[in-house]
Amino acid sequence: MTLHGHVPPEPDLVQLLTPEGTRVQHPDFPLEITDEEIKSLYRDLALVRRFDGEATALQRQGELGLWASCLGQEAAQVGAGRALRTQDMAFPTYREHGVAWCRDVDPVTLLGMFRGVSLGGWNPNENNFNLYTIVLGAQALHAVGYAMGVTRDGAVGTGEPDRDTAVLAFFGDGASSQGDVNEAFIWAAAGNLPVVFYCQNNQWAISEPVERQSRVPLFHRAAGFGFPGIRIDGNDVLACLAVSRVALDEARSGQGPTLIEAYTYRMGAHTTSDDPTRYRLSEELETWKHRDPIERVRAYLVRQAGVAQDFFDGIDAEAEELAVRIRAACRALPDPGPLSVFDNVFVDLPDELAEQREGYREYLSAFEGAGH
Amino acid sequence: MPEPTNLTVAGALNAALRHRLEHDPKVLVMGMDVGKLGGVFRITDGLQKDFGEDRVIDSPLGESGIIGSAVGLAIRGYRPVCEIQFDGFVYPAFDQIVSQVAKIHNRSLGAVRMPITIRIPYGGGIGAVEHHSESPEAYFAHTAGLKVVTCSNPSDAYWMLRQAIDSDDPVVFFEPKRRYWSKGSLDTSAAQAPLPLHSAQVVRPGSDATIVAYGPMVATALQAAKAATEDGRDLEVIDLRSLSPIDTATVVDSVVRTGRLVVVHEASVTLGMGAEIAARVQEKAFYSLEAPVLRVGGFDTPYPPSRVEEEWLPDVDRILDAVDRTLAY
Amino acid sequence: MTLHGHVPPEPDLVQLLTPEGTRVQHPDFPLEITDEEIKSLYRDLALVRRFDGEATALQRQGELGLWASCLGQEAAQVGAGRALRTQDMAFPTYREHGVAWCRDVDPVTLLGMFRGVSLGGWNPNENNFNLYTIVLGAQALHAVGYAMGVTRDGAVGTGEPDRDTAVLAFFGDGASSQGDVNEAFIWAAAGNLPVVFYCQNNQWAISEPVERQSRVPLFHRAAGFGFPGIRIDGNDVLACLAVSRVALDEARSGQGPTLIEAYTYRMGAHTTSDDPTRYRLSEELETWKHRDPIERVRAYLVRQAGVAQDFFDGIDAEAEELAVRIRAACRALPDPGPLSVFDNVFVDLPDELAEQREGYREYLSAFEGAGH
Amino acid sequence: MPEPTNLTVAGALNAALRHRLEHDPKVLVMGMDVGKLGGVFRITDGLQKDFGEDRVIDSPLGESGIIGSAVGLAIRGYRPVCEIQFDGFVYPAFDQIVSQVAKIHNRSLGAVRMPITIRIPYGGGIGAVEHHSESPEAYFAHTAGLKVVTCSNPSDAYWMLRQAIDSDDPVVFFEPKRRYWSKGSLDTSAAQAPLPLHSAQVVRPGSDATIVAYGPMVATALQAAKAATEDGRDLEVIDLRSLSPIDTATVVDSVVRTGRLVVVHEASVTLGMGAEIAARVQEKAFYSLEAPVLRVGGFDTPYPPSRVEEEWLPDVDRILDAVDRTLAY
């Protein structure tokens, strides 16, 4: 026998709404959803895109130091975000603006981080949305530890809908290569933890195509660690919602971890500092434009649900308002004062650091005196 | 009032863990082999039996996983006490410690606390193979956002570990493994610790020169001070206890009196704790110093094979040699 | 559909020689082997066991600081070790004394490391056997890097038997949880590298049973990364030899990595510092004694190959000789001099370190003068 | 003789890599995005196109994997040049660097060499998000077995990188990212480097006090020295260049002449390079010092959000303040 040479077939991805906006059924993932609910998802998608676009514009105008756009990944994020219950906890990377939106984190707070007025600055436990984590993969382990806590708190498998808690850990195709993500798989499996790993495979890690990380679909990884993995159409908000719901439900009920690979595409640059024309072909982008996650929902709503134009106009107006608000609020974000660097280093400020702070305060006040 | 108990450093650490597990339901102990085995040094002996497998947790074998999951537990409101099996195995967790544990409180503008204790048996002199005898404390003391302490006797072992676990800031707790079996008396029933966690302590008053040591080197420094009395020299010995923050005041105070300072540690001299202490003392006690601050430490080489470790490690003679040199100025 | 609930059946392991010493055939892994060759394997196993036992005794007598015995894992190690070709490279952990034996590394040099006269001290490129690596899993990445070099050197897939080169990376069931091992899988798959990962699942990582690391058989891990994995009877030297040969051949010919899980048992303590009675039942040990890797070869040789007693007596005598030699040589190993700590820190000794060395030399010579 | 070229630091680094790739078939360049993209700072621009995908390697996204595989390549006889994308992302590779890269030569009794260069863009002042502005050099300078250097201008960028790659010892090469676009002239055709890799350089002679700086802070120190002339002060500026080993002699020599020393770096002050330099100088030039060695560095806090980084980072005013203080003694 040879050990090599068995090539698994390219997997199907779960899809409930085609790029053309046709609702299809999946035998394993039926989704009961009303047109009103789909309209609400449309609103999420449209507002997230508008917010994201506004942030990119703010960066171009020098109001932000950097922006990592989620353009093209709105469905993957909103689908997952809307599958969460209040008590669930999400651990994002630095690109989950769509999930932040679903968790009611103020977009302006997010902007503050990219503007450089803070390093994060929201309270993870307020909206059950962890701080952005920039070090690739580190948050996967945080999610696992949080899930250990959930289990210990007895908040798994009780059957009480408001009590049973799941944890949703985000990471990218690139980050899947980090040791931390794989250790997280091990911890999750060994502890049968209520955590859903949600990998947005957007095909790129800056300039590296996903083929640099793996020669098999990423969702396969899970089986090797002893838990289920599944690939979904990450540009189909209904598939993302449906499968996330099942996985989160199973986590809450004590059935352990799942890996969801949301197959999607980074439509923009990696960040505003990046120039993707150096490493990828525009044809690829064109192909993916036909799979736009928002267009297909709009097509469905127009063609199959008969939603009229003023609904869309209303959303557009709301988006415009949002953009105006966050633009103004972003510009108004105050810079932190120089002495703020000593705040929150510790709960208990050591004398030595207090002394350093005091020395710096004196130094600064000497300038004031000198009219600097 | 109950009698002070006579315990080893190891026993005192075990008692401190037991106390916190008993009194704070949010405290968890985790690491490799901390359960049934009670840890390779038996510091967690009996704890899993008494507090259960979900409070004393045998983790899978990854240091990054241990510390990373402790971060998540802390976000959920827990107070994890993590054991790193040996000094040389903390590095796979370095990223989680330096970029996450040390910074999340700051990143969250104070909304999230990281009351994580990372216990690390450290130092040499036990005849071990590679990676089992290192002194990596300076890496952590250089890292803003971490507190770093070490104990040298059973009483400090007990109280400082309790204080570390109770600290709302992350504490890297270095345990002097070659002193695990040193005995000493300790009063576990006192209402509070004899000293604040981040204070140094003069463990032997003296007037001719000051020796600053910590962890395993305190006993060696005290031996040196005793030996020096034969030459009519009266050395003051300070147990630094806290490596970050450093109780500079206690050290400077002493140097102002003695005029001379020798810093001793096992870690390589270059950029070891001695560097920082020398830099601070020459800055704060410039006119008091009658000689340069001298450092006695490991050489700037990897920790050597055990058959030569006794030569590599600072000992009484090397300390006295430095004392001679400082007094010769 | 539910994502959870599909339990894979417990896998078969490849076995070619039963615990009773009966030769069996495996449809996928035929092994052509003469009785002379099996006798030679027996010799390896017996000498490795004797060496290992002698080392344990030396530790008890205070001649070694520590010893990590390979008792019970001789077949897993000799089978793999004898499948290597001269040009292949092995990356051991700290327990592969049986592989070291097959690579002609002097047992006394190994003892030197555990005695504390060196930190390793052999030349990895002399016998193509890397230094022992104590930090769990680190060597898996070294193996992968070495395999990158092999590929770049054009030493894969040429068809020349003395040129095509494979790399064999060892690690334990416990180490499989380290990020480094999993990153090694990723690198190996992405680069289709000529590396065979050889996991000795000896059921224990110090006091932790393998179930703490994984709830599915470890060889499953490979498929998730996109390369084959297989479980073999690690106490069957023939199975270990046969499957290692196939995997190494496929690596050499350019078919990429394989994960072999050698299912075996740590018969002794983790190291001489360990006390396994604290955490495991003696029944378990008894069960595994019936699967002893050496007994079954002996049984085969006696019963099926008709090998006479004097063969075994000869091996016993040779083993005794070996023990006597290494005992004497170990005791005679000179301690390194104090100044040796400055040797080999750098190829190019910096002035500063030379100065430190000189200061120490002077310090030491002052003692000599003082008659210390 | 060819004219000296005018290049940026980035361009000079690129030219050095190109030179080594061209002349040494064992040299490989590896890291994230070093291929088509040419690295996020374009330091490897065009190299993959010219030298192929198997010499300029886009690695999977794991720092431990990058350094760990470089170790294996070195064992096989290669000379890998690894790029860590940003300072704050080196920590996942810390274990491989500290326990393997730094120690294998020693562990093998000299049989195996680790001619690995680890390039790390470092330091702040570029308005970046968290983890993109750190100065982790002291962690590596404290690690025996590693050599650590940094450049401050195009000529050093070119020559020091060539020297680092040619070094048979592992070198951590810190690149001052905010000076990547500074220009300077450089003679790439010289037969050899103007200075040994581990020598410091007096970049401005002066008599009243010495400033030691390195990497991004050299330009700032020179500005400060220039500004100080207005107050009639003549400052000597030393570019340290090598952080391990440290060229103590050049520093001590200067202090013997000036009597005063200020050390400047971006890293947090506690246990930063300034601590080691202060400790050495007070030891070797005790009687020459007319004032304590002063340190100007980052505060002992995490690197702050970018809107406040200019206040956090040492600048001309803070350097001059320290100069004032040392001269006031």
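Labels for the chains are A, B, C and D, by order of writing; each one numbers its residues from 1.
The rule is short, and it goes like this: contacts are C-beta pairs under 8 Å (C-beta built on N, C-alpha and C of every residue); 3 or more make two chains touch, one makes a residue touch a chain.
This structure is a prediction, so every number in the text was calculated from the model and none was measured.
Chemist: Pick out whichever of the two, A-B or A-D, is joined by more C-beta pairs in contact.
Modeler: Greater number of contacting C-beta pairs: A-B.
Chemist: Using Cα averages as centroids, what's the distance between chain A and chain C in whole Å?
Modeler: 43
Chemist: Counting only Cα atoms for the centres, state how far chain A is from chain D in Å.
Modeler: 36
Chemist: Could you work out how far the Cα centre of chain C sits from that of chain D, in whole Å?
Modeler: The separation of the two C-alpha centroids amounts to 40 Å.
Chemist: Taking each residue of chain A in turn, which ones touch at least two of the other chains?
Modeler: Residues 118-120, 135, 177-180, 183, 186, 190, 212-213, 345, 352-353 of chain A each touch two or more of the other chains.
Chemist: Quick one: which residues in chain D touch 2 or more of the other chains?
Modeler: Answer for chain D, listing residues that touch two or more other chains: 59-60, 62, 64-65, 88, 91-92, 95, 99, 103, 106-107, 130-131, 144-145, 246, 299-302.
Chemist: So that we know how the chains sit together, what is the shape of their touch graph: line, ring, star, complete or other?
Modeler: Looks like everything touches everything, fully connected.
Chemist: Which of the residues in chain C come into contact with chain A in the complex?
Modeler: It comes out as residues 1-6, 27-29, 177-180, 182-183, 186, 189-190, 192, 211-216, 220-230, 246-247, 250, 255-256, 258.
Chemist: Along chain A, where are the residues that touch chain B in the complex?
Modeler: The touching residues are 89, 91, 118-126, 130-131, 133, 135, 138, 140-153, 179-180, 183-184, 186-187, 190, 343-348, 350-353.
Chemist: Contact residues on chain B for chain A in the complex?
Modeler: Contacts found on chain B: 28, 54, 57, 59-60, 62, 64-65, 67-78, 80, 92, 95-96, 99-100, 103-113, 144-145, 147, 167-169, 198, 245-246, 248-249.
Chemist: For chain D, which residues are in contact with chain B within the complex?
Modeler: On the chain D side, the touching residues are 64, 88, 91-92, 94-95, 98-99, 102-103, 106-107, 130-131, 138-139, 141-142, 144-145, 244, 246, 267-268, 270-276, 278-279, 282-284, 286, 289, 291-295, 299-302, 329.
Chemist: Across the complex, what residues on chain A touch chain D?
Modeler: 65-66, 94, 113-120, 134-136, 174-180, 205-208, 212-213, 273-274, 278-279, 335-338, 340-342, 345, 352-353, 356-357, 360, 363, 367, 372
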